[in-house]
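The next part holds the structures, each set out as structure tokens.
In the two complexes that follow, subunit A is the common piece, with subunit B as its partner first and subunit C second.
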Partner chain A sequence: MASDTTAQAAKPRPVNAMSARDYAIRYGFLALLAGLVIYFGLAADGFASPQSAVFIFQSVAITGILALGVTATLVVGGFDLSIGSVATTAMMASSYVMVVMGGDALMAVAACLAVGVVVGLINGFLIVYMRVPDLLATLGMMFLLVGLQRIPTEGRSIATGMTMPDGSVASGTFSPEFLALGRHRFDLFLPNLLPISVVVLVVLAIVIWFFLEYTRFGRMMYAVGSNERAAQLAGAPVNAYKIWAYVISGVFASIGGILLAARLGRGDIASGNNLLLDSVAAALIGFAVLGAAKPNALGTAVGAVFVGVLLQGLTMMNAPYYTQDFIKGAVLVVALVFTFALSKRGKR
Partner chain B sequence: MVEEPVFRVEGLRKSFGHIQVLGGVDLALRAGTVTVLMGANGAGKSTLVKIVSGVYRLGAGTITLAGQAFTPATPADAIRAGVVTVHQNINDGVVSDLDVATNLTLDRLNGPGARLVFNPRRVRREAREVADRMGLTVDLKANVSDLALADRQMVAIARAMAHEARVLILDEPTSSLSSAEADRLFQLVDRLRERGVAILYISHRMSDIRRLADTIVSLRDGRIAGVFDGAELDYEGAVNAMLGQKISRTDVVVREASAPVFKVENLRIAASAKPFSLALGDGEIVAVTGLVGVGKTAFAETLFGARAPLVGSMTLMGKAYAPRTTQHAIENGVFLIAKDRADSGIVPDFNIYENISLPFLKRLSDFGISKRRAERARARKQIAELGIICRTERDDMSTLSGGNQQKVMVARWLSQPAKVLILDEPFQGVDIAARRDIAGKLRASAPGRATIVFLTELDEAFEIADRIVVMSEHTLVGEHRNAEIDIDRLLAEIAGHHGAVN
Partner chain C sequence: MHISRRTLGKLALGLLGASTLGGTALAQDKPAPFDNPGQVKIALVRYLSTGDFFQAYLSGVEAQAKALGVDLRVLDSRQDAALQADMVDQAIALGVDGIIIQHGLTESMKEAAQRAVDAGIKVVAFDVNVENPAIPQIEQSDRDLARLALEQAIADNGDSWKAGYVYVAGIAPLDRRDETWREFKAKYSGINEAAMFGTMDNPIANSVANQARSVLSANPDITVMFAPYDEFAKGVKIAVDEAGLSADVKIYSADISTSDIAAMREPGSAWMATAATNPAVVGQVSVRALAMLLAGEDPGHNVVVPPTLITQAQLNDNDIKNMEELGAKLPQFAHADVVVPAWMPLPAVK
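The block that comes next holds the complex of A and B.
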């Protein structure tokens, strides 16, 4: 059923008359992923192990969550460049709540989610009511947040026992429950295998996939993204759907920020630099999965895993770390060619 | 006045694929006169303009300018030869981020002889010359984006005329101007006429035509349907020729409404328009007809809640009805099949059944979860009833012909029972067979609701309606039962002679 809904778009001809080209468009990227897994499994020692698989998922969990959020904004025909800075702002907010204000894990999580909702609402307001183009509004928000997260601590990172600007020493600590979000592992076949971040990624992927594909709200969001005026004349509250998309994106990004803070155990102003580009890349690679040629949750998740597999495999085959961005970029370009040059949809 | 035409088109033909758009058009423009070209949508006006302005190549025929053969290969060729066109979309004729002076001299920045260095002072001097010649009073330093629409239009025309044009083609220049702004445009046209420019003026607006025309040419289905000349122009005859008198009395069995459904009272849809009232009954189809730009779409959108009325009230099934949103209208059973399906109807990323169920997802889902199986079953039923030619209900919209796409739009809004069904130009870009199917289906399904159809083409109104209401200048001016119609009166009303009738 999943392939039925995501792939129908790119096959104008009967199923039994699919040409090699149609097959290439639909399954090419999945075949490439399978090929990579098999190749690395044979070539790199230890790649084909549960630990390695979990490591791959863990390495892409946070960018994957952010990518799922940005997918929602892509669906309504928008874009959200502020996700990376929302995540780091949430990280700083949770650290501040616990270390400086002495709050507990629940308060920290609530503060992060509040950051996501508020930023999403502001983005949506700017884009819908102030008519600022989406890229510019969210770019502005990105700058604003990068600056904002440094103000309370005057540019310092937040860690337990840090010295405050007024000379006193912060009394709070990261609560153990909060840190567990980043460090606890569930047992799955092997003891202590599955980290919470991977579970969150899988759950959120399923939730957003179901929401976009199987609920009327998701369908309306696709309609808004495809022809806004037609959607409006079909009775859709277009503005509300757009704002909701940015709220979803903000909340997902703040969840990513929570996991980041819990993993690091400090509010590090220097972390999270690559979050935006990596997650946008995953969402765009997702266009190529199953020939969807449009933003889709399944594709985004596959796109994130694809990047993870490639980097993990190359690392295990001793490719130097500084080639990683180049490889990610190359994958993105190939995926975009798949989407726009090969599929009929892109030619319109 | 027996002057030799400066610009002459003879036997012009043009086809796209197998479809002949122009089938032998003759046209003569004399210096110092305004020739108005009238034609309904699809009559071939824009194709004619595009050939003359060098966008398309002509299929067959000859064009001569001052006795010489005129065969522009590109729009720039046409302009250099002295035939300039100002297109309908004002912002295509100006660069809005630059100032007026640069806009007026923009064409000198390109082409042979253009200077390498941009000298603002020389540009302003040259622009001043152009502006003075045209009697243009706009501040040359102002940015075009800060100007009113009429001023931008003037700048676009002045820029075009900077080439010492002998022929000026104005394509619906007043379509987005207020009447005061239009007056200023008319004065400019008068000045150009006095200077001996031959002007081809394309418009539907009767007020423009009465004000400016020396000659009226009616175009219909790619042929000249009538040329009207002389001291007393026959405006009704021109409209008649444009709409076609071959009023094919179709076999519509006129029905009477069985019960009142919907009423509008003292509705005003434009600031200067007269308020009007209209009642729609169960089972009848009412066609609202009138020229382009008389407010038909504004009326349709007002009924559907996509636009708020300036004044007036509406009643649906005896209860006050004031939709604030389209959603509200749909929940009340008032549906609109909007004009221009590509822009306002079709969701291109959705397949047929997803397009059909789009407005009714709320009714077709449980707790927000859509039931695709049920949607597909309903879509299959509509596909069968309307005879939509496709492989399955999961086909892409782009695989369908125009007529079938329109059938999908009709199917969308027939898939749930309506109290009031509004159709705005439902036969635009639809072939005859599909038009028959849609009209037949609308008449067959009419009982149980009120139907109101907005149409420019009279033939279509005769084919589908029980009553025909005439709209002119944003108000209703006449009403006819589609049985013993006084065609002359109907045409007079459309042409704006309603004062005598009411």
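The block that comes next holds the complex of A and C.
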């Protein structure tokens, strides 16, 4: 495979020549994570249990999936601010299809994925062909979607039995198959342990990790991100890679929206800003994992779990919500210091 | 034009005695300026607008304005305090006869409201204290909301239980509900608050569900969850369901919406009761209080819309599926007998 040479280029130093500083950069964050787990395991009753572990994954499943999507855009040197509102728009779309139009689970899922693809294509089109800077294009898309999701119901949340703007009562219901996406649990060692959302997170993390690290397509996306001009001169269809990155981001965000709708069982009016911020935080924390100093899927997944462990542990110890925001921010700052100050490859 | 109408309004003030005397006999005769309602312009200046509560509030305002036949302008500042104050000035410039201020910050609205009063415009305020004796304050009684829900919790569970409490400080209605919770804790020593949590990260229900799951695994002996805001309650219910504790935990909340009704009515739902004021009724009351002012009558300085307790059993017994059926089958929820002078036309019950 052609990726052999690029893989070596990404690891300039041989592993055996690592100094203490290199170890700190490489494993510091994982050590911090392990330390947190041990601390909470001792300090909080019930933290060290399989249910608790699964729950941590469940609590970060949706933001984690969004974060994996935004990682794809970070890889090509872009950014996607619209993922939070794509997720909530997908949530509204699935609810609308089922409750108002009386569709089934398959139609709802298809509608959500279509939302993701279309938004991704529009984002990519704006950025590549209209030359709108990525932050601005996706910011515009974010506002557009926050408004758009409210238009069909005139600003109401969608729930079974809701009254439509024209006074009639919506007849559809959330289909049980769709709700199962948010509520069904697989047996794993213990009965009813593993929720579908966690399975989806793990599968998507592995898929996108393999895709970005080991396929030609993924390696080329990194090439576009690190030096767009060089990639173009080397004959890579840069525009296509960039558009694909936004489509991936949109689709992942809409998958997050499907899981959100299935968990809540209704279409909630929400801007999704907190989803956006949490998932971007996870992706940025991911830069620090294993000293990658670049967007990477494995790091993003670890970053999401890190935030999940922290929030779960703090909540179990009755820490109020503002301390949690504070600590989340502190972790992000530390992670970014790991990435940009300690790492010699941090200068982008 | 405006001046003549205001002079007319002052004339009406002088004729107040006559109109109230004749009011009972001739219920259809509306006092000026509502004998010619098409000429009356009122403005609703909003601070908060997104969400089911505010949507329903608006529909109530619209329904009552339509019943009166007045011209309603809606100005929405979308949580921009400075813009909201500007919008009051905009409404003054539009030459409206009355203004309803819906939410906002005391600091930014106090002076704007005073400017409107100085311009001879009648003003009422909902859920924002503008500290002005000329401006009636419309309130839903948050203390009563919390009291009704907690009384039901005590009726269901006795006065000794371990509780989880969902609260975010700094949000006025939640702070008022919190006062009642403190009173109950002081009054009933058997109520033990094992955990307090809460967040406003949206989607709120999803974020609260994550927190509640942690709380439940740390405190598996909690039997009552007091979540005095329906988004909180919805999140707690998701967590209780996911933890398989629906039979062991009971949830008491405040506020209601169609999706809340569905969640309360799910088989085996842990969500036992909620206390709520119908936001549409609050909207109607706001317009009625303003209309009384315009007609030269006094609705009183504090207009309190009383809440209703809604239990899971009531919803199931009456087979209530959405807010409209709730209003139809629990009449105390659909209409509040607040500020209803005899001449006041009421919106048709849907």
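In the analysis below, the second predicted complex is superposed on the first by the 328 of 348 C-alpha atoms of A that agree within 3 Å, B and C clash if a C-alpha of one lies under 4 Å from a C-alpha of the other, contacts with A are read in each partner's own complex, and residues count from 1 in each chain.
Going forward, a residue touches a chain if its C-beta (ideal position, glycine included) is under 8 Å from a C-beta of that chain, and two chains touch if they have at least 3 such contacts.
The structure presented is a predicted model; accordingly, all values stated were derived computationally and were not measured.
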item	value
First, second, both or neither for A:24, with subunit B first and subunit C second	neither
Partner chain(s) touched by A:114 [first = subunit B, second = subunit C, both, neither]	neither
Touched partner set for A:169, first subunit B, second subunit C, both or neither	second
Partner chain(s) touched by A:232 [first = subunit B, second = subunit C, both, neither]	first
First, second, both or neither for A:100, with subunit B first and subunit C second	neither
First, second, both or neither for A:336, with subunit B first and subunit C second	neither
Dominant toucher of subunit A (residue count), subunit B or subunit C	C
Residue numbers on subunit C that touch subunit A, as the complex places them	49-52, 55, 168, 195-207, 209-211, 213-215, 217-218, 220, 234, 238, 241-242, 244, 257-259, 261-263, 321-324, 350
Subunit B partner contacts - residues on subunit A that touch it in the complex	5, 8-9, 12, 14, 214-217, 219-220, 222-223, 225-227, 229-237, 294, 345, 348
Residue ranges of subunit B in contact with subunit A within the complex	304, 306, 325-327, 329-331, 336, 338, 343-351, 354, 358-359, 361-362, 364-365, 368-370, 372, 391, 394-396, 398-399, 412
Residue numbers on subunit A that touch subunit C, as the complex places them	44-47, 49, 51-52, 55, 58-59, 62, 88, 91, 150, 154-163, 167, 169, 183, 192, 195, 260, 263-266, 268-275, 311-313, 315-318, 320-321, 324
